[in-house]
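Listed next: structures, encoded as structure tokens.
Shared chain: subunit A. Partners: subunit B in the first complex, subunit C in the second.
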Partner chain A sequence: MKLRTALLGATAAFALAPAAQAERGTDGELKLLYSQAVSVMTPYLSGGTKDIDAASLVLEPLAGFDENGVVFPRLAAEIPTLENGGVAADLTSITWKLAPGLLWSDGTAVTSADVLFTHEYCTHPEGGCAQLSKFGGIKTIEAVDDLTVKITFESPKANPYTAFVGATSPVLQKAQFANCLGAAAATCTDANFNPIGTGPFVVTDFKVNDVVSLAANPNYRDPAKPAFATVTLKGGGDSESAARAVMETGEIDYAWNTQINPELQEEMAAAGKGVFISAFGGLVERIETNLTNPAADLPEAERSTVKHPHPFLSDVKVRKALSIAIDRQALVDIGYGQAGKPTCNYVPAPADFASDNTECLTQNLDGAKALLDEAGWTDSDGDGIRDKDGVKLSITYQTTVNPIRQDFQALVKGWWNEIGVEVELKQIDPGVFFGGDAASPDTYQKFYADVEMYANEWDGTDPETYLGQLTCEAIPSPETQWQGENINRFCDPAYDALVAELRTTGDRAKRAEIIKKLNDMLTKDSSTIIALVHRGRFSAISNTLGGVVMGAWDAELSRASDWYRIK
Partner chain B sequence: MITFILRRLLLAIPTLLFISLMIFLIVDLAPGSPASQIPLTVPPEVKAKILEQMGVNDPMPVRYALWLRQFFIVEPAYWIDSLFGTTLSEGQQRIVSWQFRGPVMDVILERIPQTLMVVGSAYLVGVLIALPIGIYSAYRQYSAFDQVGSFVAMLGFSVPTFFTGVLISYIFAIKLGWFPTVYDTTLKVTDWESFVKQLRQMAMPVMVLALANAATISRFMRSSMLENMTQDYVRTARAKGLSERTVVLKHVLRNSLISVVTVIAIGIPSIFGGAIVTENIFKVNGIGSALINAINVSDLPMVQTIVFIFAILVVLFNLIADVLYGLLDPRIRYD
Partner chain C sequence: MTDTAIPKAESQWVAVRAQFVKHKGAVAGVILLALLVAFVLIGPLIWRVDGTFVEPDTAKMFKLRNQGPSWAHPLGTDQLGRDMLARLMSGGRISLSVGLVAMMLAVTLGTFVGVLAGYFRRLDGPLMRLTDAFLAMPLLPLLLVLMVLFKDQLSRTLGVEFGTFLLIAVAIGATAWMPTARIVRGEVLSLKTREFVLASQSIGARSHRIILRHLLPNVVSPVMVAATLCVAEAIIIESVLSFLGQGFPSDFPTWGSLLHEGLDDLRKYPMRVLMPGLAISLTVLSVNYIGDGLRDALDPRIRGR
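So, the complex of A and B:
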């Protein structure tokens, strides 16, 4: 395979030599290291970043997101917009045109039937497709001709770039996956490990949770790309050893997610064999406040439910005091270094969606104390803890077991103690915390604590569904088996109305205005969500690897076709 | 002897069934859910569907019965099929991982070679180092050699592999640059050059594991030798005028090896069990790293299958050790 690929690559490049400067397959082997090994080569059976990244070397969507979050064509001939008529004026449909002459890596033609099939594959009622939400709100999908696909939505869709946009919803080959619908999806091991794609590389060997070997795709649409003849994607170890393999020993060209403490970052950068690169998307480490009462003496079905408002966190002044007592820059310096930035926002990016909310960035302990005094919380019995009407400002602060989070907990506890708030820390195994087991008292949805800390983001560039998670109807409760994403139990009719307005607004500037307003309602105005750190993707690349543009809106490897060896 | 073996094999069946139930209960009742591996960006209803499709929500007895059936009927049938081209397992679901949606057994088989290669050679190297050290230490008890040997054995015992592993990799890979830190599992040994490459990538994990193995076995060898050295038959042999060499290496060593051989045999299943920490440090990705990874992501079928295979091996090698003991020591008879 290697030889054949190299030969094909060489011939192709030879034929086009005058036109192309680079040649396919001339730069040897590209070595990638992921501290989490790849389990499966399709994003449809896994939500894991490592699997989505690996699959993006082989499978491609109609369009991708660039480093600024702008949609650019991949398999599509151009991006359908309102201006070129690709998106219907009433926002109820979008028409994609495939670029002509596209081939799968096995040499057959890519047609609209493949696109239709992919939709059928993921939306099959018996399937467990991890990217089902990408295909939400689609009424019909039809092939106008061999290269044209029209998607009609159930209601006007202001952001039509969901299905087939980004590495989480690539096009599958119908011929290969035809027998893998529904419950059979998981049994198609060969197809799931060696999918036929249109991307720059093809899988030559797949070892589950260990290593993926790939070679340049002889039928890739750009005859000069990819520059690398083979790719080895090794998995295992931890972020520190992955970073060392690039920065200190130089064995590896690209190590993913090298999240290490800032001190080590500097030490490794000094070795001079590589650099750290970062890109910031929507990921925010935050403290969520519980607006309902988690007290253990309440009946089981009423704990942390809207029946009982929180004794002190329902007071906006208390929440605000907690927020401004935190020195966010100190948190970044101790935990993230180049991989994080202090933030006050729930939606910190893309730039035009981010509110100019920076008030919380300066720590203000005196201001926090004044706020608590003003709200009537004083230390009446002289024990160092503020109280009011017999209720003490005593907080249970939970998060997952994680060294950085434990450092954060200790620092925040110090600041909160200083303003007269008692803090009890609690750490939960991430498998339980995020496990969603309705019988466990320790899930993040159940929220049997006053505040909790974790990170979250959204898929793609548009935060509409992410903001929609804070509507009244998404509050988790015993009636919903504790399912629901409104962790704070925040409920404001004005917010809900604005979310509804966002869903029907197509104009980007207007959307930005609404998104900022929603963001401020959660953060600046109510301090319901105490944002701490805007976290970025953080990877290490060798000095000999060129062409890497790190983006946060699509898979990290989705543009590996442009990478080359610096000689 | 045959009846003894048969009786032990029959007894092993209820033992293994009981072990499998215990493993299942422990793994199943442990906190954590595969749901935690699905990112928060996936909506709850989609998450529920994925779990449903995995079969996570079925009642526990159903899942246990299914696993038993898959392990004892479907998997063997599948192997018979692939050997003889029959169709016994057609349409039957093999044990499938929750994490990568592929057959668990295929991955275990894929992982065995590198584990055997690395952990197995470390065991072998460990034994080869340990025996001479143990013998000489016992022969020259309290000599400088014995003291140094004891010190090194204590080090091997008490310093955990997560420390020696990182230390060795820091010295030999990062500072000296002699060995790679990333183990290449795709490397095929075809010529001298690739053989050297294989040796280089195995050097560090083998060093770490061999130290730990040698420590245990050399202590066993030493104490077993010491015990025999003071026996009457040794004095008799010396009185007969046999050379020291014959006395120690023929009479004492042979008798001392009886217990050491059983210790070595009982240790063999741990080779298949892999070395969780060392495999992870050097990215060998054998059985050990497959197990810890499966535990981390709550991949119950994978954990259950791997741990149960260990259990079978432990039961089997205990039997082998017993049989060996009977063969080596004429004083022991099982009939």
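So, the complex of A and C:
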């Protein structure tokens, strides 16, 4: 399959040459299918991926993320860096320069006033901006001239590419949205459904929660793009029928999020009308170990708190044995197919941030047994379960209700039983599990179990805050109303020091080095986090659609200007 | 003195049995239910395969996945290579017992409340308002709350399987008695004014005797219908709870959860949905027929015709 993707990439590269000389709007209609229908054309009023993706056809940020998580200019003339002086040496400000001659789709010029206005729009105290976090930590934002914007941060920011970078914070036209500030934002339906943008397409018809029709933007900055004259973005259905529409009937060019089971994937790929493409971001399905004792006979306020270390999971050898007893490739083959790959890492991407930690990828049941023997865990009473000093290796393994996760539970239980560990499975409604209600005993933060499985990722490309979640101070406890993301109750002063260092390091290569070290402390060295599957975005494209480069760091449609029809 | 040959008095139950075996559907239902019970109770003693066993050797496990019927696995295997026959057996044990226990509880409770409300005028108001109150309660949220409150404690004291079983059966039974109570009350109200009840009252029979001797046998038929519906409902509610993560954990398969699991692969492996579905349908059907036969047999007006 990989070879096939590579070949496809190669043919696409050759095909690009003629496409570069193509004219705007010569390739007819582009048909997109989203299993969730689009409800609004601006990311500022919706956190939904489908809305962010749809809006990225029309609205553009100053810069975007490419498939490797690297920033590239869109409306900006170039990317401000430490080297070119765009980012201040003390990391407290960043200066963006707009490319000259940019026009909105209505023919007016794009200026720094629009950028300033967008910041005002999203940070308005009365508005409920969905992307507010993108603008966090900004002290002032000022227009140096018509094309230059300077953003000053409250404190040094090692990663300054947040505001106006990526499809979640595009630039809005001041003239159109001037009356839509604060509480009025949601009432400006005309502007929200048909925003004037700089992107390759403009909205011609918007049917809420149904179909969006778009046409090529006559004022798009590249005169040869987009190759398609019109776009129809249809919403509704489910991922299976969406995949079928591309792979088997061929009526659709691009179907978003076609997560289906591996057997169906193979069956549909055999029909030959399209291919599945995937891109891997930071999403990792994993088993978290509880380093504290969740025993039910402890007083309520002391269960799963640092007061009581776990009777056996605090032993690194036990955790490691549990980790290497798992066959991660089998999990991928059963649950995800092309949409996943086995991993040992907590931070599996972008490529330069990922540690070369591959030790756990080969299952080693004998090694796991040897490790447990070595640590003194033997089956002394002959019941098939290992024990030591009267404590049995008996694990409660909880996760959310989800067919793939239940299969994973059954498989992992089989392997752990094989090495002499007793496993009791537990499933919790996802709404409760992730709900964060301090009164419920079943939230993932409370962690009243020995191990739990779920997936998580970070926002954007930089995992700094994500790694910062495992510092000692972020341990959830009754005192913090069980808030906090350090759900393993992992606490290592060396780790905390390294996180502090990461926060003040601006150089990407050095950051990568620290990130890898932090990742290894959690995974390879301590097996505190047992990473299982690196999950990716998974979509289907028709064989006749060219130029698609899927990345996991920005909206999937954000580079639709490069797409063309293979004739 | 003349020797008059008095025909030997036939006991009521002999007559009931005679009438019952005349009902072909009921007999078929009893046989079918007996077969199903034997399948889940005696089956595992003969077919000694663990339905939750997953082959730890992954290479072997992949070969075992999604197999069709064979000698090693008469009903094939599921997506993780687990034996479907063994899963159906252990699933049936849980589903059947949940259904039967919940039904008995609901019928007993419902009949008790219904008779009291229908027979004693003073109790009618309060008991029927209680019934209304229970009917007004949203069933599923109530069950979920019960699960959250008591599941952990019961699992701890009685073990996961039995604790969950008891809780689910009692919870379903305790929330399904209201229709029976209403039906029984209505019947009792109309029976109370009939001549045979008045006659028995006039010769000074006590209330409990009238209820046991004259009223209960006459409300058996509607109760039976309610009971059969209740079995089916209990099996289905149990699978809904499993689906929401509040029923049995996934390593204790039930017919409902097997059906739900199979839905994903319905197109490719329809047998996996059909088998537990068929088992549920057959159970409900046989219980329905038995109820039908019992109603005819126990109703003196129909008996003998």
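Following the convention adopted for this analysis, the second predicted complex is superposed on the first by the 521 of 567 C-alpha atoms of A that agree within 3 Å, B and C clash if a C-alpha of one lies under 4 Å from a C-alpha of the other, contacts with A are read in each partner's own complex, and residues count from 1 in each chain.
The rule is short, and it goes like this: a residue touches a chain if its C-beta (ideal position, glycine included) is under 8 Å from a C-beta of that chain, and two chains touch if they have at least 3 such contacts.
Please read these numbers as outputs of a predicted model, since none were measured by experiment.
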{"item": "Which of subunit B and subunit C A:K426 touches, first, second, both or neither", "value": "second"}
{"item": "First (subunit B), second (subunit C), both or neither touched by A:A245", "value": "first"}
{"item": "A:A186 touches, of subunit B and subunit C: first, second, both or neither?", "value": "first"}
{"item": "Touching partner for A:L365 - first (subunit B), second (subunit C), both, neither", "value": "second"}
{"item": "Contacts of A:R508 with subunit B and subunit C, given as first, second, both or neither", "value": "neither"}
{"item": "Partner chain in contact with A:E263 - subunit B first, subunit C second, else both or neither", "value": "second"}
{"item": "Contacts of A:S440 with subunit B and subunit C, given as first, second, both or neither", "value": "both"}
{"item": "Comparison of subunit B and subunit C by subunit A residues contacted", "value": "B"}
{"item": "Partner chain(s) touched by A:N417 [first = subunit B, second = subunit C, both, neither]", "value": "second"}
{"item": "Overlap of the subunit B and subunit C footprints on subunit A, listed as residue numbers", "value": "429, 432, 440, 442"}
{"item": "Residues on subunit A engaged by subunit C in the complex (per definition of touch)", "value": "261, 263-264, 267, 296, 327, 329-330, 333-334, 363, 365, 400-401, 403, 406-407, 409-411, 413-415, 417-418, 424-429, 432, 440-442"}
{"item": "Residues of subunit C defined as touching subunit A within the complex", "value": "52-56, 58, 61-62, 65-66, 79-80, 82, 148, 152, 156, 160, 243-246, 249-251, 261, 264-265, 268"}
{"item": "Complex contact set, residues of subunit B against subunit A", "value": "31-33, 35-54, 93, 96, 99-103, 106-107, 110-111, 169, 173-174, 177, 180-182, 184-186, 280-281, 283, 285, 289-290, 293, 296-298"}
{"item": "Subunit A residues within the subunit B interface of the complex", "value": "33, 37, 39-40, 45-49, 126-130, 132-133, 183, 185-187, 189, 192-193, 205, 207-211, 213, 232, 234-238, 241, 244-245, 248-249, 251-252, 429-437, 440, 442, 456-459, 465, 483-485"}
